[in-house]
Structure formats: C-alpha cells, structure tokens
Amino acid sequence: MTVLAAYPERRRTWWQKIWDARAAYLFILPAYIPFIVFVLYPLIDGLRLSFYEAGVNKAKWRFIGFDNFVRLFTRDDVFIIALKNTFLFVLIVVPVVVVISIFLAVIVFPLPRAAQSFVRMSFYMPVVSGGVVLAMVWIWIFNRDFGLLNYLLEIAGFYKLLGIPKIGWLAQTETALLSLAMVVISWSIGQPLILFLAALGNISEELYDAAKIDGASGWQIFWKITLPLLRPTTLFVLVTTTINVFQVFVVVLLMTLGGPANATQTIVYRIYENAFVFYKYGYGAAMGVVLLLIVGSIAYFQFKLLGQEVEY
Amino acid sequence: MADFTVSQAEAERLQLQKAIWSARLTRLLWWLAVLAVFVGSLLSLMPIYWMITGSFKIQHDAIAYPPELFPTHPTLQNWEKLLVGMPTLRWLLNSFIAASGVALLGVITSTLAGYAFGKKRFPGQNLLFWLLLLTMMLPKQISLIPLFIMMRDLKWFDTYFALIIPYAAYPFGIFLVKQFMQGIPNDLLDAAKIDGASEFGVFWHVVLPLTKPAVGALAIFAFMFGWNDYIWQLVVTNKQTMLTLPVGVSKLVAGWATIDIGVGMAGATLAFIPMLVIFLLFQDYFVKGITVGAVKG
Amino acid sequence: MRGKWLWIIPVVGVALLALSLFIAACAPATPQIVEVTKEVVVEKEVVKTVVVEKEVPVLVTPTPEVKKPVKIELWVDPRFDPQTAKGHPELKTALDYEKMVANDYIKNNPHVSVEIQVLDWADLPKKVPVAIAGGVPPDILRDYLGRTSAYAYEGVTVNLEEVVPKEELADFLPGLLELYTINGHLHGLPIFYWVQNMVVNAAPFEKAGLLDMLSLDDHDWTFDEFYAAAKAIKEANVGVEYPLVMQVASEQGDYAVHAFIWGAGSNTWRDDCQGLDLDNPQALAAMEFLNKLYKEGLINPDVTTAGWQDVNNLFYAGKGVFMGGGISTVNVSIPQAQKEGKVTAPMDARLTLYPHLGDKPSGLPVGPTGLVMFQKQGRSDYELQEITKFLIHLSSEKWQRDYCISSGQFPTRYSVGAPLAGDPNYELTLEWIKKYGVVSMGLNCPHYYEVRTAMPAFFQAMFLGKMTPQEAINGMMKASKDIFGK
C-alpha cells in the first residue's frame, strides 16, 4: 500500500480498483460462494419457471412466454385481492412495529440488566413459540364469545357505548385483516427490539453527558442524538420488517385460510397454494416475480429515505 | 429596583416550579410507560404459558371453550406419547445440530461479509449487496424444487449437510452486520491500520469485539431460522432417525380423525428448551456501551 | 461468552443424555419385524349380500431360485389410529400397522424390502410433488383420489391396466374402476372408500317428542320437512341452538355443504369434467335454502370460520343435531369421543340422508382411496413386476377387509363381500347406494383442487351478507371458468 501512496492522485482503472480492494473480496467470499450456489442459482432457476407452464411432471414443462403474467392480472380475481390485502397489511404493520420497538427500546434501555433481559426475552417469545401455538392463543383471544379481547372490551363498556353486538374479530370481513395485523405486530416486535437495544448500547455515553451539560432536555436528546444515531438500525428494521410482512402466510394458513371471503388472502399465501395445493409452479413463480418487483421498489425508496448518511 | 428584583426572583421561582412539575410529569409518564412495557411482556409470554400448560392437558381439556388457564386434569400421557417409542430425542438432537450449524456458519460468513460491505469500498459493491437483498424478498417456495434437485444430485438427502449448508449464506445476517458496522467510527480502524495491523488483524482485533451485540443477535436469529424451516426439513429427510423435531412431532400429532393437541404442545415445549438455552447464552453479548468511548483521545 | 452462563451447557447436555438413556432403557425396542402372533378375528356374521366367489389366480413365482433384491418405497396417508379403531389394539401407531401389512408380503417374498413413510394429509401434498418433480418419487403412494387424479393428469403415474392382470381387475367394482380411469388409463387401484351421509342426534328430538319429524323410517324427506324439523327442535328449548352445524371456512368436508346442492337436484361438477355446473335453478334453490337457514339462526354462526373440530364439538355438546358424517362417524368417531368424555349431551347418533327438493334423495358422494405407482427413471421391468405384485398384495382381499373393518370404510373388491355385514348402518348405506346411486364430487376431474379451494370464499360471502346466493353462484362459475381458461 505504501507503494501506491507514492503515486500522485490520478484516476485508477477499474482493474486497479479491484486490485486495491482485493481484501474486501476475500471477506465476502465465504458468504458469497454459498450464496451463489445455494441461494441465487436456485432462485433464478425457480423464477424462470414464471415463463413456463410447470407442474409436477418435468417432462411436460413448456415455455409460454408472458401468459402467466397476463393471466395474473386479467383472470385471477383472487390475486388482485391478495395484492390489495398485502399492501394494506404492510401499511398498517410496518410503521407500528418500527415505532413501538423504538419506543420500547428507549424505555427499557435505562432499566437494570435483569429487567432488560426479561423484556427482551418476553417480546421475542412469540417468535420462539412458533406459529401453531401463536395461532391457538390468538384464536382464543379473538373468539367472539369466550375471547379475551371481547371480554376486556365488554368490561370497558365498549359495546354498550357503540351499541353494537359483539364482534367476531376473525369472522367478519371488516375486522379479519386488522386482527391478523395485530397478531403479526405482536410477533414482529421481538427482533427489532433486540436490535434497537443492541444499537442503543453502542451509542457512547459521552455524547449524552455532553448534551446534558449543554442543557438539552430528554426529548431533545432523543430527537437530535439518539434517533439519528439509530438510523442505520432503523433502516434495517424498516426494510426487513417490510420484507417479512410481505411474506406473512403461516398466520393466515393457521388462522383464517385466507378468509372470510378472501379478506385475508395474501400474495405469499397464494404462492403457497399454487405451489403446494395446485402444483402450479410456473404460475406461483410468476407471482413471485411480481412480489419481487413490488418489494424491491419499496426497499429502494426506503434506502433513499433513510440511507443518506449511510455510506454504501 | 427592589420591586424588579423581587418579581424577577418570583419569576425565577415560578420557572423552577414549572420545571420541577414538568420533570415530575415526565417521570410519571415514564413510569407508566414502563408499566405498559411490563404488561406487554407478560402478554407476550402468554403463548409460552399456553404451550407448557397445554402439554399437560388431556385432549378434552385442550380444546375446551372457554379454555382453561390451568389444567384441571393434568396428565403425563402427552409426554409419554412423545418420548416413548419414538426417536424423539434424536429428532431434538438433529434440530439442534442443524440450527447450531446454521447459526455458526451464518455468523462467520455474515460478519466477514458485513464488515466488507459496511466499512470498505470496492467496485460492484452496490450490485453485490442489492443482489443479496433481493433474494431475501422472495419466498423460499420458489427455489424449493431446484434446491431439492441439487440435494438429490449431491446425495445429501438424510444428511446434516442438506440441513445446514444451503444456509451458509445468510443475507439477512450480512445486512444486519453491515448496518451495525456503520455505527463504528472509522478512526478506530484507521488507528489500527496505522499501527501496522493486517486487514484480517483489524477485523479480528478491533472490529469483531465491537460487534458483539450484533453477533449475539445474529446468533439467536440464525439459530431460530435454522430451527423453524419446516417445509425444507420435511422434504429432504426421509429416514425416521434423520427427522427434525418439528417434522417428527407432526407425524405424531396429525391423524385422520383427531389432532392431538397435547402432543403438539409437548413437542413445542421440548423444542423451546434449547432455544431458551441459546437465548440465555447469548444474552451477555448485549452489554451496554462497550469500548467505543474508551478509544477516544 | 461470559463464564457465568457456560455452566448451562453441560447441565442441559447431561440432563438430555440422562433422559435419553432413561427412555431408551425403559422403552420397548421397536422391533424390525412385527410378529403377528394372533389371528385377527373377522366378524363373520350372516352375509346378506351375495359373495361372488372368484378364483383369484395366485401369481406363482417359481420358488427355490434366489431372486434379485428389490427395494420398494411406500408412502401412505394413515386413515386410522390402531389404538382407537377396531381390530388391532396391539399395534401402537399407524406405521406399525403398515409394517404389519408389508411384512405379511415379505415373509413369502424375502427378496423384497419395503421402506414405509407415514405422512399426514397436510404433509403429503407438500412432500410428494416435490419428490416427483425432483425425480425421486415413492414407488407406491396410497392417497385420496382427489390428489392422485392430479398426478394422473400430470402424467406421472403408471398405467395400471398395462401391468395388473385382467383377472385381478375383474374382482373390482367396475364403477370405481371407471372413476379411476383418467384420460383412458387406470391411474390407480381403488382399495376402499367412504360414503357421506348426514348424522342426526335423535336424543333431543326424542326428549321433545319430535322424533317423527325426522323421517327416520324411510330417510326420505324434503327441504321443507327438514326446515320444519330444524325450527321445531330449536324452539323446543332442549339445548339445541343451531340445529345444522357445518363449516365453510375451508374446502375440507365441503361435501357436507354440497349435499344440499345435490339434494336440490343439481350437480356440482359438469359431466364432462370441464368445470362447475351450478348455473341452474336447482343449485340456486339450494343456495337460497342454506342462506335462509343461516339468516334464521338454524346454522352455527361461526360457519365461516369454524374448523371441523369445532363442528364436531358443537355436535358433541348437543348444540347442533345435524352434521355431515358417515358410517365411521357413527361407528368410530362418536364412540371414541364418548370414551374421551367429549360428548356432554345425551347422544343417539343415527345415520340418515340429506333432504331433497325433487322426488327422491340424491345419490351419495363417495371418497375413495387408492394405490398409485409413480413412474421412475431407470426402473427395470423386473422391478416393475415386483412392485406390481406388492401393490396387488396391498389391495388384496384379506387386507381390504381388515382395513375396512378398522376404518369403517367400504371395500372395492367383490370378493371382500361386506366386511361389516350385520352392522345395521353398513347395510343401510349399501342399500342407499343401490337405490340412489352415486354423485360425482369432481374427484377425477382436472383442476379439482383449484376449483374446490375457490368455492368456500363465495359461501362465506353469501353467509356474511356480502353476496346474494345468485351472486355467489355467478362468482363460483366465473372462478371455475377462469381456472379452466375459458
């Protein structure tokens, strides 16, 4: 490297830049080789099926160009509904998750280690317990006659106030999606909370001390110091939560099966159905392509929004 | 003059009082928030409570409405069904090996790659990173059959390789480490380089200790990821002894006429134990404010 | 890692090790070969139906030669739990049962080894197609017609009419063989089937003195009579809240709902199998009838979200009195539930028929299970022969009879006769099939599952008041047309 430092500053060729950065490539190699072999290649191979009519019998796969895509948007009412539902889902769940987890992290961080551990673990437990248990618990919570939610609402006089009969949260088309959103939110907070707590731990105490000396209030410290320093983590949480919510389907599978009347159909649930119930891999892959384009665009905008100070 | 001074003192006193009250209010709100957080924690623990008590319930009670909060007829028969006569503990071991393998490989590859993406500049960086990101956005069902065929050709069915190696690259982890790296000031790295450390030396001695929280989180997430991958595990294992716990338990649980909920809960509880262990083991990585401040000056 | 927590690892490790040693020491070793030490006593009652005596030629393999070893992979969907069904209380799991059946063949054919996988009906459609597409399918699969027909349409099954001897096939009921003929080929061998009727709990009717409203003498009642009985029992205040219990949350068990469409005189699927056939006044009448029942509180209000377990529970608790079911419900499920204490209301479960709109009850839906053989590259003719022989063994008269008794299903071979003869419900069902015939559920039609899964959403919408019955029908017809690409 000292040899290069002796050269005057001039444009280096592309090859020279690669050579300069050879260490970096070595660092990404252990991850990138398995990535190409086991992730990238199978995905591309799977995605190319979107141009095929592909079922269980490989010998019968045939190329059909854009037919799958045409069909998706002209002859598949359920897919359009699924698109709409998934978008709604994301719009509701992602901001709530990000805000709540930051809020939780900031509140919990000053508490003693034991309390932090407890809270961190509890909120991650829904993830650990797995979909089946979660579904059972929440199906009970949402039950119209015996569920916890209606029980609490009734005590609080909610129904008397509005003069409506008890709501079957999962049974009515208006509330089903919202109810599933609640489940997804409860299950999505665990991971971001852990990450935000970790990130908070990385902020130097001296910054806070300096700010307090300057007379900043708690609120100001939060807005001007904490939040900006949390930006990289926030971007991560935003992008990954969005990706995860777009992929929600286990909850749908276990709690509503896409109903009632398709009110909780999601894109990935459709892909799942097409792959495992109808054995239409080509059609499912086409849906995957659409999903990729949508989520990719959203992620791109999220990076633009929060990625500014973040060096690439 | 005296009037002025008095009213000024008054004004100052009022100001002080206002400040005290506002501080008190903030304190109160803060404590309320803490309370809310703890209530939330308890609610989040409900699924675990359900799971454990459910494993001791007989079928009739397990599906009772309104559901019982505590088993009125506790039984060990679910556990008996789960553990006796079936290689359940072997299944547990398989799951553990698979998940640990994924966690280990995932942490190694992700920290290395995340460091490069986060702290270094190299041609093609954006493209390579976005490729990783884009693959995260697709559900795994899309790549299922090509990957399955690959396992077939490699003859990796019924081996741990099939359960672990395809997850050696963990884009989620790479992204996580990259973002975390951005919180590490560059002066530390420069200082080490000036001191003559090699590339890997900088990584090992300076960067890695600072990323402990990220590594801790990553280990937990990767472990969960490798544990819960039901469909893949179902599809690549055939031998009874090579099943993972979730797959094996589902064979016990679902029958033609009834779904044996109690056994399912017992299986889930059994699965929960190693995950709890892993969680506790890596808790200490989340230590407050590590050495970042110490290097100043 | 902090040392503080490191102690957990060895403790947990030792605990697990100790536990496993304990279990291994105390649990009986699972034997490789299950010795069948006692003969299964088949109830031999006076058989009323004619047993056709057929000379089934035994496939004689010239013995003392040593045959080349053959390995067969068999995947099955277990249809009963030996612990709860009749006949084999000595067996613990479904896998043990399958091993018993296989070993019965192996003892006469030691060169054959069989690897069995038991997969439940939720896992089967995930694992099988991936295995097929990946080129490593099982040799034999035992599964429901609705799924095996899909494989047949994909062309991955072996044409059984080419490998199974004609004399063997002659023993099978021709109607079933027809059902299993797809694109001109026999894609599978049906081995048993269930029949669906309605189960009614007569106890509350007896208590309220309304027994005669049930038409239990000739099982021939109209929609109006059914409606009257439902209303009456609800108003009789004997604990019946929603007389008709069913679910439209998922497509499972949809025959319990379609039964009303059939009862009204309409098909669900077209005869040429090219989609649904609901565009007629009879189907509309059925939908309107269901809608009326729901709006008047005669159907359980959670019909759009209930699982089939919930439906059963309502029935067991006496809240509902009419439920879809068949002979295995009355002979196996309900007694089992009673044993487990799940039945909390007075129960007198009777088998009866769904009501109808025309002049007689409709045909009955049948759901057959069959054996299919998958094509596999590199399989020699010799292996094909051996697998076929094993397949025939699995569908043999002896094991069909055993299976039918254990699971309350009906055999497909003439030579089995009527295994449950003497059981009044069994006799009744056979009589109904003879009198009223069979109705098509579309099991052997292309895109069966796609159409089937598309339907519940429209029922849900109708019940929730989001669509009128006509709109629901239109929606289903459109979905069917979209699926078929018209």
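Should a chain be cited, it is by its letter among A, B and C, assigned in written order, with residues numbered from 1 in that chain.
Here is the rule we go by: a residue touches a chain if its C-beta (ideal position, glycine included) is under 8 Å from a C-beta of that chain, and two chains touch if they have at least 3 such contacts.
Predicted, not measured: the structure shown is a model, and the values here were computed from it.
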{"item": "Farthest chain relative to chain A (centres taken as mean CA coordinates)", "value": "C"}
{"item": "Highest-count interface - the chain pair sharing the most C-beta contacts", "value": "A-B"}
{"item": "Interchain centroid distance [CA atoms averaged], chain B/chain C, Å", "value": "41"}
{"item": "Distance between chain centroids, defined by C-alpha means - chain A, chain B (Å)", "value": "14"}
{"item": "Contacts with two or more other chains, residues of chain A listed in rising order", "value": "276, 281"}
{"item": "Sites on chain C at which at least two other chains make contact", "value": "126, 133, 135"}
{"item": "Residue list for chain B, restricted to those that touch at least two other chains", "value": "65, 144-145, 283"}
{"item": "Interface residues, chain A side, partner chain C - complex", "value": "55-60, 75-78, 144, 168, 170-173, 256-262, 273, 276-279, 281"}
{"item": "Partner chain A, residues of chain B touching it in the complex", "value": "26, 30, 33-34, 37-38, 40-48, 50-51, 54, 65-67, 108-110, 112-113, 115-117, 120-123, 125-126, 128-129, 131-139, 141-147, 150, 165-172, 174-176, 179-180, 182-184, 199, 203, 210, 213-214, 216-217, 220-221, 224, 228, 246, 261, 264-265, 268, 271-272, 275-276, 279, 283, 286-290, 292-293, 296"}
{"item": "Contacting residues of chain B [partner chain C, same complex]", "value": "58-60, 63, 65, 83-85, 89, 92, 144-145, 148-149, 152, 157, 231, 234-235, 238, 250-251, 253-259, 273-274, 277, 280-285"}
{"item": "Chain C - residues contacting chain B, complex", "value": "1-2, 4-6, 8-9, 12, 16, 19-20, 23, 26-28, 30, 78-81, 84, 92-94, 115, 117-123, 126-127, 130-131, 133-136, 309, 313, 332-333, 336, 340-342, 407"}
{"item": "Complex contact set, residues of chain A against chain B", "value": "14, 17-18, 20-21, 23-25, 27-28, 30-35, 38-43, 45-47, 103-104, 107-108, 111, 113, 116-130, 132-134, 136-137, 140, 143, 145-146, 186, 189-191, 194-195, 197-199, 201-206, 218, 229, 232-233, 235-236, 239-240, 243, 246-247, 249, 268, 271-272, 275-276, 281, 284-285, 288, 291-292, 295-296, 299, 310-312"}
